[in-house]
Amino acid sequence: MTTLIAILIDGAIYASWLFLVAAGMTIIYGVMRVLNMAHGSFYAIGAYSAASLVSWYFSSDQGNPYWSLLILPACAIVAGAIIGLFIEQGLLRFLHGRDEILMVIVTYALMLILEDATKLIWGVNPYFAYQPYKLLGQTGFGEHLRFANYDLMLIGIAIVIGLVAWAALNRTNKGRLLRAVIHDREIAIAMGVNVNAMFAATFVIGAILGALAGALTAPAISVSPGIGVEVIVLAFAVIVIGGLGSIGGAAAGALLVGLARSFAVHIAPEIELFVIYGVMFLVLAIRPQGLFGQTLARRI
Amino acid sequence: MSSILETRGLTRTFGAVVAAKELNVNILKGEVVGVIGSNGAGKTTFINMVTGYLPPSSGDILFDGKSVLGRKSRDITRMGMARSFQVAQLFPKLTVMENALVALVAAEGTQPSFLRRLDTPKRRDRADAIFAEFGVSRYRDALVSTVPQGVRKLVDIAMALVSRPRMLLLDEPTSGVSSEEKFALMDTVMAVVRQHGVTVLFVEHDMEIVARYVSRIMAFYSGEIIADGPPRSVLGNAKVQEFVVGHHLNVNAVLGATL
Amino acid sequence: MLFAKLSASATTPALLLMAAIFAASAWVMPAWLAFLLTLAFSKALVVLGVVIQMRAGLVSFGQALFYCVGGYGVGLASQYLGVSDAFALLALGTLAAIVLALICGWLLTRYRDIFYAMLTLALSMILYGILVKSSALGSTDGFNVSPPSFLGWVPEGDAIKRTLYLLTVGVSAIVALGFHSFMVSGLGRVTEAVRENEIRVEYLGLSPQRMLFANYVLAAGLSALGGGLTAMASGHIDPDMAFWTTSGEFVFIAILGGTGHVAAPFIGAIVFSVIRTFAIQEAPNTWQMTLGVILLALVLFLPKGLWSLVERSKKREASA
């Protein structure tokens, strides 16, 4: 019974993390048809900025430690906005509508560049910013289970972001415009929607979300080179399971993968990696477009 | 005369849209059938279903008396039913000759070899003969993406004929072709087709072209066939005049232009 | 057009000539150069695997999977099966890769575009994960591969590297000739047709899937050859051979060279190895960045790779 609770809660925590990482990537694909391989770099940049700023905050003893919790999203928003705007306006803006595979290669090149850029800015030594993590304490379940409250908070944040994203897309005018663009770009342009502005906004939001995932994760890990790269394939697996472009899909995919992995970790740790990709291959074999994705057959 | 293509209760819906409603069609060997109807009436959907590209929602399709429901397009082509496309479906970065060579190797029935060349003298000769029949020889070595629309439509149809099908479905063979060239194109195609005794069904918007070549017309409207029979009766049908050809078509003049 | 015909038929003798020149130079070139070329040519074989799939319209971001299987096949057979003959080792590594490709290809060729790209990536990362976690296989350190024998003969000292170089040149020459013929074969050309218009190929009576499957397996075999040769030449195998950045290098070289001619991957691999040697010496922390910038420049301004420059100059000569 304890194991079951452990599996469920660990699963929920991991799922929340996956959702936060994958949400930005799926939004960018859904609107712009760009599979952003550099998303992991946004994650890394968010993590590094947060970790370095939090370290500085605590080392110079600025004040109330609880402010550090606000530094995390603040870093993410600023870092994500800067890098997102720079990339979209500096490069992607000129490549709208190009072949999807070409965009994968372009974003792959971006990732290579950003990986080294991160090393140049922050160096190769790991950063630690565990204070916010420890700050929130732990919660016990029964005699043997303890969970860090920080991790549990992640669940809450993931739910909030999911709901906000859903509401923004379905309940606001701008959101409806965005859905129109997702559905049929050409018609949206013909009807006067400022698609370029929407693309820029979408990419920046996606970048911020990626950076946010990194910033929120920073206190729980050692932030070092390569963390962005690990995240990319995982994120892809999640959004492909859920259906490219669907936020609900990203949530469903994250939940599925999170629980499956948690199950593996507790019961059969050797198959942890297999489980994640296994779920992906299984879902694709049954439903190639993912759980919430749409099939597009070519018209002839 | 025996039936070559038959559909029974063929239906296809896309959500709330009924693209094809209980179509019962029987085409006999050797017929030349014209299919008319406004855009969205279900003509291309019909061709897509019958050639295995689009699965029907319900109903059956019989080719030569055997059900081909659920068969893939490549199997149906091998069984003897070929088609051309509204927008010519070719290989843009390959030359016209290479396009034909691919069609030829496919028609041979075996898996393409990874040792032997595609470009053999025998295949070349056959391709050249086909180009001569269709009058496109001068475009032989040009990239498909550079040749005029009319030539593309001809190559599209030629490739469908390479496999010596028993039935040929042409989806708007003259669309995108200038009015002066429409008759030339159809004359060419129908001459080749008659030579090989192929049953033909073609979708067309130009009534003069339809009347010139067919012995039977099927008129589509909103997913249903509202008239099916000899040209005079179909073109004179009130519903057909209401929904397809308009009330001002001079049926006699159009039909007088036939052979 | 006459010029194009001439150069097309001149390829076979040109390839043989180049192979002969490279082989003959074995005795005069410095050891470091022979080693660099051995590794470059082995890489080129893997890149050919990527090129084969690109000609089919698919980008493989996980070709390192088969490169690694080829390398580990050689290493494991040498270490645990006691096989020491270079040809037998290569055959084993390649066979293992082909068996794996037959299984994976069945699933993979149902996908296209980004799905295909990312699924190949996922497969290679699964292998990486397995190798890293497997202490029996040396985990992250991998293990060493002892120098092979050649049909009974065991070279010593300098001769080891030279023989491996000659072996690599020989294998590359055979593969290059084979690929050149494959490009104009029935399967080779129809594969291009699948890239251009899959639906039409289906309507002509062929199975596009089967064709892509054949290409996938062929590419896997070639990549394993490259991996096996690398394992023997460098004397070491480790899980990094399957890491996604390794796959990325193969894609980079494929784009750098272009897909239009069999010589392109070889030229691309040599250029890449040279750039890399300099870059790692001069600016080790910006190697990835350098790659990224060049890759961007390539896809934006020279999408057909360096070979398109050769073609352009040929066209200019022909029309002059």
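Per-chain residue numbering starts at 1, and chain names A, B and C are given in the order in which the chains are listed.
Heads up, the rule we're going with is that a contact is a pair of C-beta atoms (placed from the backbone, for glycine too) under 8 Å apart; a residue touches a chain by one contact, two chains touch by 3 or more.
Nothing here was measured: the structure is a model prediction, and the numbers come from that model.
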| item | value |
| --- | --- |
| By mean Cα position, the chain sitting nearest the middle | C |
| Identity of the chain that, by mean CA position, is farthest from chain B | A |
| Separation of chain B from chain C, taking each centre as the mean of its C-alpha atoms, in whole Å | 44 |
| Distance from chain B to chain A - Cα centre to Cα centre, in angstrom | 49 |
| Centre-to-centre distance between chain C and chain A (centres being mean Cα positions), rounded to whole Å | 34 |
| Of all residues in chain B, the ones touching two or more other chains | 53, 89 |
| Per-residue overlap in chain C, given as positions that touch at least 2 other chains | 199 |
| Residues of chain A whose C-beta touches two or more other chains | 300 |
| Touching residues on chain A, where the partner in the complex is chain C | 35, 91, 100-102, 104-106, 108-113, 115-117, 119-120, 124, 229, 233, 236-237, 240, 270, 273-274, 277, 280-281, 284-285, 288, 298, 300 |
| For the chain C and chain B complex, residues of the former touching the latter | 1, 181-182, 184-190, 192-193, 196-197, 199-207, 210-211, 214, 218 |
| Touch list for chain B against partner chain C, complex | 51, 53, 72-74, 77-78, 82-83, 89-94, 98-99, 101-103, 105-107, 109, 111-119, 141, 159-160, 162-163 |
| Sites on chain C touched by chain A in the complex | 59, 61, 107, 110-111, 113-115, 117-119, 121-123, 125-126, 129-130, 133, 199, 244-245, 248, 251, 255, 285-289, 291-293, 295-296, 299 |
